[in-house]
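Naming follows writing order (A, B and C), and every chain is counted from residue 1.
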């Protein structure tokens, strides 16, 4: 075919240029930066060093890394605990209702996440909706501390990331043949046994897909810990942000980013190992 | 059918990596002919069709259509059209737009196009369905749209890839007859690919039997059925009994072929020598069944007996390892475990080669 | 059994309450006369009027829309072309390019943000609307590609071959056959790109310059200094924009499906 070549170039060149210049080069540049030395004025000196990586394993940083991972982990677990019953209970409904409800799950998440987080301030703060309600009905005397702590951050994270767990879990639950579950119940399996022996093994790649799409952003969403944590609690995202914008130590910020990339790649490896499809990730 | 060669394949070869799909095939197809490429799945017949349409490039060889070397011509520019196995109708276009598509691409004037589409729709009996979308049509109707979309181009050659195989049996029979009629009416050359021997036998002017990327036999349906060149063809086309014999005596006209210790057959001599070991073919309907011994017959015991309304199918055991399939018209002549004699007219015995041949 | 069903429905409803509560509260308060956001005193359009005179917020809103529209158009076109190219052709390093494409979907947004910021600085690209648009295109293209690719994979090869066979060249085949058939994937890819752009905080935060005031950044700084109720009004308006975009995309899709499956 004569114009085959022309079409091939037209349709493949843009994606090659795009992925190399906007994905590969920026990431390689970060890798490069992470081995450079920071100078006193917020610039970089072209001197090779491993000290940035050593700093990452410093006690103060390790504590933040640990706490941040813990928050992300709890967020992921809560999302899983909500998503499974939600998806399974949804299967009682007709297909039309189900499709409608799943769309309804997505709609709030297509508005700006900052605005939604701000909505939580209105609800959670000292003179917010919940505390006003509880004190005015005399259930409690003193307002509860619902934000500016880990609790607030976790609420914000769960809220922002929940659909990324619900969608893949729902999609794999809906693919399970209903007769399997009926057969298991018929054979005397308890609810927990049905879940453990049928739902869980058959939805494992959806579960991992969701966990990936919740856990990874949850270590990076600095604005949630900024707003609902009141700047008292740092997650890795805050750490990186500060190195780039306030402390102006780009090499250290880069090293922290490389650390995040490595964690991400390890998780992706596992996801692929258990048979996950890359095209399913982040699909809405 | 006349003697003008319309499509000519000259030593064509197609390889995928080191797998040879088409192995040096040459074939001339005449104007107005209905030629069928028949073979088991994976034999390369569809690939041959795709090289003619240009959707597959050749590894070696040349293809001529209407005297023009089209080997390196784009499918877009080749004056042939294909009816795909899946029909490949455009689901987002109406029946009318589907049929119009090729005309639009060729920039045929609107008046002429409208006339042609109307004719084509009439020919395939789809009047009243012009504004429907393909998913709203039955399998048979979709098939008709696909045919109309091909013939509206008025090219001399139409390629059909297993076009009837997705239809149910009854519809298939009807379409076979219609397709054949249509082809004669239009005077077009149809090159038809199928794995269904019935279809090939009913519709074709000539059949090319394809096996392992080669043409095993090219002949009229009648000749292919009666005188298959190889055991593969005999087995592929129709029911057959194929077994080994040894020539025991010869005269000018006849030879005596030994089947086993008890049975021999008289066959026509064709320069056989005593001691020749040959493979013979006997079609199930060639036997005359007798209750008592007659000359030139095979003795056996009826092992199975199935009556299917028109004919009776028997399995007659001649000896261990040789069971003959026998079809007879008379249902009441024998029953299970009877000893019978199967008379074989000598002119109906077909020799299909020597035993060591594959 | 009935009690069981009731419990299940209550669970589903409470999840939806959780999901819609903050949005609901914002919308309510945007009509609340009291400035303190606590007790609903009476209904008013005051904040909407005030919003109209708040030039910084209006400008931020305008910039956000400009960025979302521009990046959606560019990433939809490039993403669709790329999906077709990657689906049809083989070339050296294709697997590598394919795995690069997944990176913006899976890595933390903050990493993409700071790496783009770093190269912008390296090449002395001035931070502003353009740099944000480039960043949004960067994270949107992969979503468009995966969305279009899933419809392309469902497309039978025969359909395009039939088009060539009927005399259509590559371009006409794409225009009349392939593109209309993959349109559902293109539309959902574009919807995704638009909403992702409207939603983004992290990447805009790093790639915006001092002069480029976008809504998320504006609100972000307001949250720290104190939010005025006209932000509630603006949030309600943004919600409206997204709902309109989503509904119209859903309507377009369902019309297409209806047209095709009319009487099935």
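Methods note: contacts are C-beta pairs under 8 Å (C-beta built on N, C-alpha and C of every residue); 3 or more make two chains touch, one makes a residue touch a chain.
Worth saying up front: this structure is predicted, and the values here are computed from it rather than measured.
The chain pair with more C-beta contacts between its two chains, of A-C and B-C, is A-C. Each chain gets a centre from its C-alpha atoms; the one nearest the centre of all protein C-alpha atoms is C. In whole angstrom, the spacing between the mean C-alpha positions of subunit A and subunit B is 61. Subunit A and subunit C have Cα centroids lying 17 Å from one another.
Centroid to centroid, with C-alpha atoms defining each point, subunit B and subunit C lie 57 Å apart. Counting partner chains per residue, subunit B shows two or more touched chains at residues 74-75. Residue positions 169 of subunit C are each in touch with at least two other chains.
Shared interface positions of subunit A, i.e. residues touching 2 or more other chains, are given as 1. Interface of subunit A with subunit C (complex): residues 1, 3-4, 7-8, 10-12, 14-16, 18-20, 22-27, 29-30, 33, 82, 85-86, 89-90, 92, 101, 103-105, 107-123, 127-129, 132, 159, 162, 212, 216-217, 219-223, 227, 237, 240-241, 244-245, 250, 253-254, 257, 260-261, 264, 268, 278-279, 281-284. Of all residues in subunit C, those touching subunit A in their complex are 5, 8-9, 11-12, 15-16, 18-23, 25-26, 29, 36-39, 78, 81-82, 84-86, 88-89, 91, 93, 97, 100-112, 114-119, 122, 134, 137-138, 141, 143, 145-147, 149-150, 169-171, 192, 195, 198-199, 201-202, 205-206, 215-216, 219-220, 223, 227, 231, 235, 238-239, 242-243, 246, 250.
Listing the residues of subunit B that touch subunit C in their complex gives 53-55, 74-77, 80-82, 84-86, 88-92, 101-102, 105-106, 133, 135-136, 149, 153. On subunit C, the positions that touch subunit B within their shared complex are 156, 158-159, 161-169, 172, 176-177, 180-181, 259-264.
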